[in-house]
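Please read through the structure below; I'll follow up with questions.
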Amino acid sequence: MSDSPDGQEGAPPLEIEVEGLRKTFGRREVLKGLSFSLERGGFLSIFGPNGAGKTTTLRVLATLLTAGGGTVRVAGHDVRDDPMPVRRTVGLISHNPMLYLDLTAQENLRFYGDMYGVDDREARITELLERLELSHRRHDVVRTYSKGMRQRLAIARAILHRPRVLLLDEPHSGLDPRAVDILDGLLTEIRDEHTFVMVTHNIAKGLEWGTRLMIVEDGRIVYERAAGVDPESFSAVYREHVQEGSVL
Amino acid sequence: MAILRKDLIRELRTREMIISMILFVLLAMVIFHYAFSVKEDADLTYFTGGMLWVTFIFAMLLGLNRSFAQEKDERCLDGLLLCPVDRVTIFLAKTAGNLVFLLIIQVVAVPVFTLFFVSRSYVGDLVPFLIVMLLADVGICALGTLLATISMNTRSRDLLLPIIFLPLIVPVLIAATGATTLIFAEGAGFGDLLARVLFLLGFDAVFLVAAYGTYDFAIGE
Amino acid sequence: MKQLVSAPVLFVGAGIFLVTGLLLAFLYAPIDASTMGYSQKIFFYHAPIAETALVAFGVAFVAAILYLRSQDPRWDRLGVVSVRLGLVFSLLVMATGMIWGKAAWGTWWDWEPRLTTFLLVCFLYVAYFVLRSVVEEEQRRATFAAVFSIIAFIDVPITFFATRFLPAGMHPTVITMGGTGMPGSMFVSFFISMIGMTLLLVALIRRDLAVEELKDRVADLKNSIGG
């Protein structure tokens, strides 16, 4: 978990290395050879139209899907040959909270804590619930939670085991403004400790957070560069690639 | 272990499952009674084994569908698959959970069915019966868990499960029903049951190994 | 799969063996002396068909294991083709068995171990196709079908064994531990029919495989046109 302090000199090590990633669903080739990498502590924002393969890429990184071709390494471990350390390294926040509705917040977190073998389970749960302003509801069944609260709990679930890499799949979608604020506040708080990959339709958020920007279209990377682009020109590029117009 | 505990907490919390299953068992008993009451004072002793195992298998179908429906509903299965645990561990935990579920049904069903249908006392033969029951249960749960994992990943989910599960479970049904009938009706001892007990043991072993080898694929990418 | 023998040669070979077997069955093998009489002749087709059906499911079983190891769609194709043919042969087993049963025992159906097993086999492999039909994504469909094919094939002998626990039936036990219990002339006819039937299976598998491959290519082409 703790980053070595002497990694200051030179470029930080690569946390994510993707080389020629391919994936087919039946006859449809969803990913047609993606290659990219991300250094430790980086924040990669992936944009693109629906069905471009963004979520598929994320699911391969999370070991939920096996790649059809190419190599994918997370924290130096091959996701296919050596998935266990990858799973310990990665946390996934998607629009599905992945919580058991009939369990309380505490029971959900205890369960995942056991699954990940978190040593200081109780302390960690208390700390996270505190941080996510859910302490007062920790003994309530998740079914009674609002969408925003579930999403917050989902974040707690995802970072419970102190993953070094956080994968975000459209984390802002479906959240009310208040929940977006909380999410952003939390991201700010944990920004320094993690490497991020975020799939999003939200250009403003993607540009705000990203240190690297990428547009995926039809299974290929059509645009990739370091952040620092001015939003106007990026929006233009984005529109060029995403014709649906259903932006934001 | 954590998975099993989580599933148990969930079941105990909602209670709907247990209650409806107990009702299901009692209703099955009543329905069997009417279905087989063909003449006055008919002795159903020889049919009790069959009735019990048919009830268990159909109740199991319902339980299996449920045990995975909830994982699928809120995408919890993804959460489970994200965890650094072997898929086989997930299989064992789910099998154990389903076994607990089946045992609860049996605790209710066996006394009730035998009280109403079996004419001779079988209390002395309880030990061989429990052994047969447990061995058959393990086979049913192992195979059922594997197949339920496949069926919940398909379009038709709960409709598919009986079609793939029932033909495969027939051997267990034959052996368990035969053994149960021998015990209830004739008070058979271990000697008479040996072939069936060994058969059930073999079935459990074969399908636990088969499930061990294929579960990674069954649970999907 | 290299074309060592062309499909027509296999079909012709199968035909020669099957016709020879049939002729031998009627002209060479003795008429069953015990109870069956002339109706016993159907045995020379019934048993080889049964054996061939099991071979087909065995091929599917091996193909399933190879598929899970390699994820190569060709093994999935072999699996589908074998199961389909195995199912056709199983239905023929049931049909010939019922005809024989009617002639020999005076009843179309008897719950005896082998017939019962084949009935379950039919259900099992029909279920295989039901399973395939409810999974859209091809890789996943192939994977699930392979897992099921493995489990089903393991279950067949177990089911057969379990049916022995049922009250006894009246199927003749022809091949026992001690030997075949057949006169030599009967055995020759039987054996030739068996070779013929197996050749027929191989020929059919190859033809069906070719058809499936064409179908896949058509689908690929359609896909590339459709974009």
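By letter and in written order, the chains are A, B and C; residue numbering begins at 1 in each of them.
In this section, contacts are C-beta pairs under 8 Å (C-beta built on N, C-alpha and C of every residue); 3 or more make two chains touch, one makes a residue touch a chain.
All of these numbers come straight from a predicted model, not from anything done at the bench.
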B-C against A-C, pair bridged by the larger set of C-beta contacts: B-C
Longest centre-to-centre distance from subunit A, chain (CA-based): C
Most centrally placed chain, judged by C-alpha centres: B
Centre-to-centre distance between subunit B and subunit A (centres being mean Cα positions), rounded to whole Å: 40
Interchain centroid distance [CA atoms averaged], subunit B/subunit C, Å: 32
Separation of mean Cα positions, subunit C and subunit A [Å, integer]: 51
Contacts with 2+ other chains: residues of subunit A: none
Multi-chain contact sites of subunit B, meaning residues that touch two or more partners: 221
Contacts with 2+ other chains: residues of subunit C: 136, 139
Contact set on subunit C toward subunit A in their complex: 136-139, 219-220, 223
Interfacial residue positions of subunit B with respect to subunit C in the complex: 143, 146-147, 150, 153-156, 160, 163-164, 166-168, 170-172, 174-175, 178, 195-196, 199, 202-203, 206-207, 210, 213-214, 217-218, 220-221
Of subunit A, residues touching subunit B in the complex: 62-66, 84-85, 87-88, 90, 92, 94, 96-103, 107, 111-112, 114-117, 141, 157
Interface residues, subunit B side, partner subunit A - complex: 1-3, 5-6, 9-10, 13-14, 70, 73-76, 78-85, 221
Sites on subunit A touched by subunit C in the complex: 24-28
